[in-house]
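Working notes, beginning with the structure itself.
The letters A, B, C and D name the chains in turn, as written, and every chain counts its residues from 1.
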């Protein structure tokens, strides 16, 4: 197997964007539990994201969500983030919380509502221009709940038109990143339910339109690493929304439900040239910390991605290829699992110290007093959350 | 095939409880859309439930949810309902919206929190004593999100103990009805995830403890009508929560996603002696009208149950049994589907008129002015909803 | 709602190909049950297919599977079929029953094995030239069982190359039709697992390469009618393999598991211009009659497609569009379901007689003596089956 | 975390039964690939099973399947096995490959066919008396493919009656072990589809009737470790059929698809007192080595179970309980995953040598020449397989 020493330089290439909304309260349709220390302002969210980066070295950017993170002065917000040691990342639009969008936004039968949703995306592009963000990420909550309620085909055509209008507004190396989702919040049909739909829509737009793969947005049993390989092959894997799930879009800590699946996904990213400086794939988290503490939840998440990336890099690809070409099913599988079963934690701890980072970021965070401080200071005001 | 005339007398036996919460606003974790005319008080919910009964003759009782439907004087509420033409039905407890229950209620490791949850059920039994309700329905939102977070086995033991304490408080013919659910709001494990768990828990309690089958609470592909047959065979099918789903617990209008499945379920209810005056199974709805109008949504739902019940009653069971015993697979299936394919709507319309009901309840409701009236009158105040 | 009289002319456009292998024995991995009257030769399969057409008027062509239906003289086979009253349809290749293909065929790492598989497709094209068949249907059983066993990305590239070589050999209006399948017989990854992969592969080939949608080849919960709409929109829906399923690729009689889903699929075919003389989509069956009689099983299947097509044609699309544009969720759904709930069987029976067909094809077949005759005559010899 | 030294004594308690049929050819419904060295006789299967035990020390018994392993003299077979160093284990009945059982066996409407199936089980008990086997394992392939085909409720009653008749024939500490399966080979309903049905059926029989949990026999998303905990709590977990799956009942090498799930299952076995000398749960494999070599496939499988058992034993249960009682979700999960992430392979290798076993059983087997020998010697004759 490959040695840890041989892969450590590649670990320095890892960058994971954290989402501003992970620091606010989230929950299920039944209940959102509040927690002490939850940010009340965009700046407090950015500060929390910066804490994750300070202890892990893995999270140099925070993604924003408009309108949840709307501020008057994005230049000032960018400077504030830089002072905290991080940058501003992907801009996420939101067309699912306005009453007008009850039956659709970019796909609505009413041209005025479509234009409203397009204008919202124009506003997001304005934010990108101010923050220097590269990516406009579009997750569409659109669809229908009952057969017959909507004309699925017509909606697909309107979606194409709306996306084209938004795409034209981008400039430079800005990218439109289209996310797909199997179901929820719509329960009969979703307008972008699968990678095939996202791919055909962005392929029609042009080179700067790519797909976002959220690891929780698939049908039961879907082989996600296959999709990773396919989208990389087609040159259209723009970014990941990492999280994990047992059932639906559970939005749990990435790697918590099936660490072996995360390993397989990361192996295909590396295999397909999507990792690090070689690649053009943005790694992001998209999770809900409903019952666990939010900053430690984010720290655990980026560490899980790092640990599984290390294991994926450890695969002895020459030996693997040889076994594959020999048709030695058991040996090929063993070589693959060898890397997964290797406990990289001690090596990672030692390597972190060479990078000026705490060997154990979680312990260091818990010992730092940051959590106590925010729980004491952030009293009163409205805690950030999804609505 | 059996004639409609032969089954019409059995249709008069049909009673479907409607849930008070179906008239309030509901939604997904992403957004709850408000709508004009939504009730602001328990009385307004009861009035809406009564409207459903008035036009359909199918919904003689409304189920209450505590604390959402808490009032000072339940006797008065009962009289109010009776004046509206309906009764009060099942009492539903709620242990999923109090901060103390974040990690469990009846299963919590902390005895004080378990006692608090038990006390809540005692309070529900007090309500039942005042309202004359027979059933205490318990849906437990309890479980865990991460492996290792909880001791699943210990929780099962504590659940048994808590349920026994609650069960002892019941009197007369009151029943404890335990609902199971595959997942949500917990995402790794649910304390009552399947009919087997609900069954073994209620079997340990005694004769007046039974199972509630919510049609949306199963794993993908589950043969629900088999469970219906099995629970009837075991004498433990207490009630249904009807709704429909394409993916998870979508809580759509019953019969909207798969009418043939609803037909098969109702056939097994009839087959197993659970229907009408023969049986002891409570039919209830449990749905969310997120985007459609609520009262018409409820009317459509009870009509769907009625239509599929009629078709199920139409199955020529003698011919079916003969074909089954002959091993004639195609003929048996044809006899079964014949009933399903029979369009009973005209016969039902005619029969409704013989019962003093409108032939087309939906049209009659829309023409009645009730919807306009509540939209005009119910302005201001806080609309009812899940929280 | 639209009247039956208004749609009956469109029903004459319906043509459904039946598969030669449906008349042979099939089963599960555990057991293949034999049955009396099973064909022993290709000609006997063709004769059985012709019987289905004779009684239903719906099945004017039989699809062949090479090598199962290999004969010395395809011209003679074509003449034989024509004498029976039907034509020869799609040619299906087979790369899953040769020992060389254990680890792959068109995707194998060994160029010699890939060439063998390509040569098999060339031989199929020779058959097409002799039979006058338009479509070469390729279902690939390829994939892997264990992570690491195969290089999924490399296989995708080799697949593209192999398909391009085959595609070049086609002439005139011949089409390459690529089928996708979620899983089985491979259990970790499948080389063409979803419509997206099939689409991107055929889009790279050219205009005469299209996708085959088998209704049993999807993940649980997949909205199949959405895929129908999408592939029609992209101009790439080549054909259907109709069957039905409760769990995996059960290959049951189409419409038996979820008739409402079949209705929704057919509605989208009509909506998207894929039906009848307007369209270019081949309707085929692909089923296994493991326990039921085979010819009656096929008759039931084509009748189910016809009945649901009639209902789909009955949808009042003007009223539906108006309700959709009004955002009237319940009305739109009601208009849609009205057509589904309409019992078209009596109208269809009457219409069949106007076409010189038996009103009840199933009864006519059972009364015809054909089944008794083949059970008496086809004794001895090797019954046709999958291997 | 617990030290390896503290758990090594418990590892000596591990015993895993291997199935005789794993050494024969198996496949999918599409193709069974043959392989050199496949046994032609029961003795050759026993010899291969003994080889697995010789190199791993983990597989002291081989399970038999009647009639596949029918011999004239079971005493002689037992002596042969003992000479090879292993014993004979569970006896598996087979009611799925006789033409009479096409529509059912223990549940058939025809009393003569039910009696035939009961008699087969009596014959199996005779074998048990000769071999000294404790367990009669019953997997029922029974069910139906089409709604209406069968009376599910009546079948359940007949099943109860048939099982009771078989159960009465057992003597001493013999056990009836009833397996459940979600679907396949039946595609609409299965007579024992879930643990609840298996549990209620065996609970009605008596103390010596228990449930077999096959890890591949559940609906997508099912939390299997919960069922393990529940059946242990109810005193009814009799045995495991270990394998793994991505989609349906794929019967892959145990631990190959989701090693973390296997860890969680084994943790619950230990937690619930089911492991080793404490417990009464039989560990068995039930797998198909369709494309990989069979003996190495079995070696990998028992090693996977051993490795995950070791990790499960390493969980620091005191610390875990403390974190659970503190409600520290992240810490509890971390303690749990710590054990899973620990690479036990080097410690296991060293410990094996203290037990007189090869440090690396797979390498030792491959180097031993056994595989070459059987491939050379076992030429001609009929290879063992499923039919």
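By definition in this document, contacts are C-beta pairs under 8 Å (C-beta built on N, C-alpha and C of every residue); 3 or more make two chains touch, one makes a residue touch a chain.
Composition by chain, UniProt nomenclature: A, B, C, D = L-rhamnose isomerase.
Quantities reported herein were computed from a predicted structural model and do not represent experimental measurements.
Colleague: Can we say the copies chain B (L-rhamnose isomerase) and chain C (L-rhamnose isomerase) touch using the same residue numbers, with more than half in common, or are the two sides different?
Modeller: Answer same: the two copies use largely identical residue numbers here.
Colleague: Return the chain pair with more inter-chain C-beta contacts, choosing between B-D and A-B.
Modeller: B-D
Colleague: Using mean CA coordinates as chain centres, what's the chain A (L-rhamnose isomerase)-chain B (L-rhamnose isomerase) distance in Å?
Modeller: 38
Colleague: Find the geometric centre of each of chain B (L-rhamnose isomerase) and chain D (L-rhamnose isomerase) from their Cα atoms only, then give the gap between the two centres in Å, rounded to an integer.
Modeller: Distance between chain centres: 39 Å.
Colleague: Please set out, as single numbers or ranges, the residues of chain C (L-rhamnose isomerase) touching at least two other chains.
Modeller: Residues 102-103, 145-147, 182-183, 188, 220-221, 223, 246-247, 256, 260, 291-292, 329-330, 333-334, 337 of chain C (L-rhamnose isomerase) touch two or more partner chains.
Colleague: If you look only at chain C (L-rhamnose isomerase), which of its residues touch chain D (L-rhamnose isomerase) in the complex?
Modeller: Answer in residue numbers: 26-31, 33-34, 96-97, 99, 102-103, 141, 145-147, 182-185, 187-188, 220, 245-248, 250, 252-253, 256-257, 290-292, 386-387.
Colleague: For the complex, which residues does chain D (L-rhamnose isomerase) have touching chain A (L-rhamnose isomerase)?
Modeller: For this pair, the touching residues of chain D (L-rhamnose isomerase) are 220-221, 223, 246-247, 256, 258-261, 291-293, 296-297, 300, 307, 329-330, 333-334, 337, 340-343, 345, 362.
Colleague: In the complex formed with chain D (L-rhamnose isomerase), which residues of chain B (L-rhamnose isomerase) make contact?
Modeller: 102-103, 109, 144-153, 156-157, 182-183, 188-190, 193-197, 199-200, 218-223, 225-227, 229-230, 232-234, 260, 264, 268, 271-272, 320-321, 324-325, 327, 329-330, 332-337
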